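Here's the structure, in structure tokens; my notes come after.
Chain nomenclature is as follows: A, B and C, assigned in order of appearance, with residue numbering initiated at 1 for each chain independently.
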Amino acid sequence: MTTQATPEPLAPLERSLFEKSSPGHRGLSLPATGVPEQPLDQLLPPELQRKESAKLPELAQLDIIRHFVRLSKLNHSIDDDFYPLGSCTMKYNPKVCDYYGMLDGLTQLHPRTPDHLSQGTLEIIYTLQQYLADITGFHQVSLQPAAGAQGELVGMMMIKAHFKKIGETQRTEVIIPDSAHGTNPASAAMCGFKVLELKSAENGLVDVVGLKTLLSEKTAAVMLTNPSTLGLFERDILEITQTVHDAGGLLYYDGANLNAVMGQAKPADMGFDVMHINTHKTFATPHGGGGPGCGPVATTPLLAPYLPSPIVAFDNGQYTLHNNRPDSIGRVKTFNGNFEMMARAFTYISAYGAKGLAQVTQDAVLNANYIRKQLEATYEIPYDQVCKHEFVMNSHRQKKYDERLNTMAIAKRLMDYGIHPMTVYFPLIAHEAMMVEPTETESKETLDRFIDVMRQIDAECRNSPELILNAPHTTPVQKVDEVSAARNPDLNFYCCPI
Amino acid sequence: MSSFIKDIIPEEGRLLETHEYVLIGDEDDRVRVGISHFAAESLGDVVFVELPEIGLTLEKGDPFGSIESVKAASDLYSPVGGEVVAINMKLEEEPELVNDNCYGDGWMIEIQLSNPEELNELMEPEAYFKFLDNTQ
Amino acid sequence: MRRDYTNPSGALTDQMTNFLPHTPADRQALCDAIGITSPEALFEDIPESLRSQLTYTVLPQHGLSEQELMEELKTLADNNQANGFANFLGGGAYPRFIPMGVNTIANRSEFYTAYTPYQPEMSQGTLQVGFEFQTMISELTGMDVANAAVYDGGTAVSEAAFMAVRIKRRKKILIAKTVHPQHREILATYVEGLGEVTVETFDPAHLDQTLNTLDEKEAKTVACVILQQPNYFGSLETTQNIQDFCQQSGALFIVSADPVSLGLLKAPSDYGADIVVGDIQPLGNHLAYGGPYGGYMACKQKYMRQLPGRLVGRTTDRKGRPCYTLTLQTREQHIRRAKATSNICTSQTLNVLKATVYLALLGPQGLKHLAHLSVQRAHYLAERLVQLDGVELLHPKQPFFSEFALTLPVPVKPVLDSLNTHRILGGLPLADEYPEHPNSLLISVTELNTPEQLEQYIRFFSQALSLTRPDSQAGVSTSPALEAYSS
């Protein structure tokens, strides 16, 4: 029950398929059975058969295609305009990587095809394993995890399996900075670890003294993102990893920010033991509106035996899937991982080579620092120093013009300029955070336009705050009622609000 | 933040640092539990309150449910020990009562106290306001 | 043959900035604005020892041009010799016809280069697709609500089991041994982290034995019973006894179902399911050597708040216009952190889009026809094959859908190798996962297995059988005879 008055109902932007459906329409012609048929009731017991068809929509093909094309136009996308989303690395997805989808030899291969008939696919997987090991400095890679969060879970499972194997089962605690991604504590908890939160130091970096007080013979691991979610590189990383190892703990590297160091430094050299990679961030596999992903896990010889199966090996001129690995944590996904993402990441890495990837990082960091410098006079930047691929600013100065102004209002106003909002209210340790990550694929012209827009918004905050508070004004829908959506969830066309 | 939110707590209210209150009713050993106005406003529009089953026995500090707004969720902790003897069924349909009238229709559970002495360990309204000022 | 990637010919030595827009002059302008002489200055906070030891052993120094990349990928694709084979492999991933319209839509970069729809004002397209998908899955399964979606059918089984553990606050999971073996492996991996939760496997053919060993008190410790329908062998399970057990013990009944089969088979809600899961790969998604696919999860309304993954809800905007938004997000990791229902952040949105377009194109009659066609063709093939001497159905008493298991009078491998030489992927050997069935084979039939392919299968299968029999005079090579089809 909502208390607000119901406004005059407006037409939806695009009626749903179910509203457009009318009986008898077909979207596709299908072949005939083509073999002598038997009465269905003799093959399937009648009591197991559906009496009434599922209420799927019935439309002609053109109407279906128009429906989805119109829906696509209601989306913002990288190919449409800028996405300065901190921590998400929304870079250009090169079109050549789409070529994968046109190769039947790759797209139509069944996951259980015998190895000797799948050599091309296995070669791509094997080579990508090698490339990622080379880029991160680690010894071995498994490409099985379906996404970064699953890769992270796998890494923590491997650490748990290791301590079980060596009989140090008292190591039940995982230390995570308060600036970490939400997945870190969620993954550690899913492995049964107790999460200890490490308060960041004044400068936003790991508080080495605080870390030492949390370390004990109970410490299984410390999970870090480097550069941190504030975009700051941990200068003392070598001391930090040494300290944790001295306490008998292991170090997990959250690969979310790999774009900031790739080609410049390797996580394994920093002293980490295991990491995951988000291919949709660093290696430009499409975000897809929220998936699919791929979360390769890379690790040292110490933890390699625990990697999930299968792994692709190369012996005697043949690539093979290795399943028989007795210490492996087991399987976390059906079949062999998200191969399409692997093929795309393989294409991307091959397009750049080592020098190109170093340039990627350099340009990503250059772009972030350029925006930071250009905006520091306008917006407060709480940790104002050289950043890596992203930085955090806030709306404190704008709040002084009008107490009602906040980060969310500014973010929503960006939409009116055709730019997707930056990441807001994350990391949690920065108040009213606006986290900006331009990536390396944006031109100086785009960066300058963003800077101009942000200055313009600041002027609007000062001169016409109502304009900001009621934003956005030009998007297909405005101020969506998320409260009613959550109070009375309406998740199914045929099932009235719950 | 506390300075923006006018929280008027009934005099007989007693509070926990995690913002749950206890109100003593007509029967001495039976109390109502909810969350303070400050807590409700900090969460924003409440969209869902998860409550326990009647009959559950709680120790002081035990979680008894959770509360959600659109963008935040928080566990609820019992300020006192005892048995849950009633729950506010109205919140299932109207979670906004927590925002509108947290000390009245927006109450959450009633507890039959196992140790009335525990009430003395809670903060009086004045102490709670002081606590809020110190933590902001 | 392993190519040497470290020295590609024609490397882009002087224009390695493949997709980077900056010219050297742009970079200098940026440096000037920042107040540094070179970008190197931005990396001084990285310890020198880390930067100086950078070397690569496998990664090529330079990138390839677009043309070379495409040639490279084409060569690799051609190295998959299975390309173009008649495909009778199933076991949880099914070769099905993908209508052109599916990829016409999925290849629109407005969909595939979009971000997660956290900002509803800029994501109504993705959101509405999610809502339409949820409705379609709810319809097919007979459930009230569905999510959109988790990694794949296998992880959906585990997520459903953990939902039941949370809802019932019980610690025992019962899973049929006829559930996909890899799905059971995933459950075993995940359950490691859950402390006291135990998984027990039962044989549905002897379910009463399992249930009888549980006294009333133990029965009340069971959080859920998990069944796959049709099961891994393609057979249809009986469900009444599980439904009864769940009703008496309070355990949740979880069903894993191939969505195409639901075009013809009863919705699991009709036989008492509380949670229904499955893989959406057969709905317009490429086989792609195993992924990406997507796992759907649907449940009764009262369990909605324990459903992991993303949910789209219908609402209105400030002008009263109907629209869509992500909802019940407090279940998710970015808010709940260590207390989230799952750590999942991905929702396989692009796979969901393909499935939604696919189901829209097929409609109720199309899906039913496809299921019917698969059943008919599978039974035709099975009946022809069991006429061969010594060939039997592994489960002759159970009805099957479009996949069936045969027991052969000879070992399976040489028969499959022989079929390979005729460009046929003949099925999956069952011995690895079910050692009690050493000579059994799982065969899947879909609309892609044309009547001609069925006849060829029968012919070459029968030939392989006679050549492989121990009493055969001819004998056949048991090693894969690559040269026979490499041209």
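General observations
Basically, a contact is a pair of C-beta atoms (placed from the backbone, for glycine too) under 8 Å apart; a residue touches a chain by one contact, two chains touch by 3 or more.
Remember, it's a predicted structure, so these values are computed and weren't measured experimentally.
Across the two candidate interfaces, A-C and A-B, the one carrying more C-beta contacts is A-C.
Ranked by how far their CA centres sit from the centre of subunit A, the chains are topped by B. Chain centres here are Cα means. That of subunit B falls 45 Å from that of subunit C.
Chain geometry summary: the mean Cα position of subunit A and that of subunit C are 20 Å apart. Separating the CA-averaged centres of subunit A and subunit B is a span of 37 Å. Touching of two or more other chains is recorded for residues 482, 486 of subunit A. Residue positions 329, 335-336, 339 of subunit C are each in touch with at least two other chains. Taken residue by residue, subunit B touches two or more other chains at 48, 68-70, whereas all remaining positions touch fewer.
Within the complex formed with subunit B, the residues of subunit A that make contact are 1, 3, 482-483, 486-487. Across the interface of their complex, subunit A is touched by residues 45, 47-48, 68-70, 93-96 of subunit B.
Residue ranges on subunit B touching subunit C, taken from their complex, read 48, 50, 68-73, 75. Residues 305, 329-330, 335-336, 339 of subunit C are the ones that touch subunit B when the two sit in their complex.
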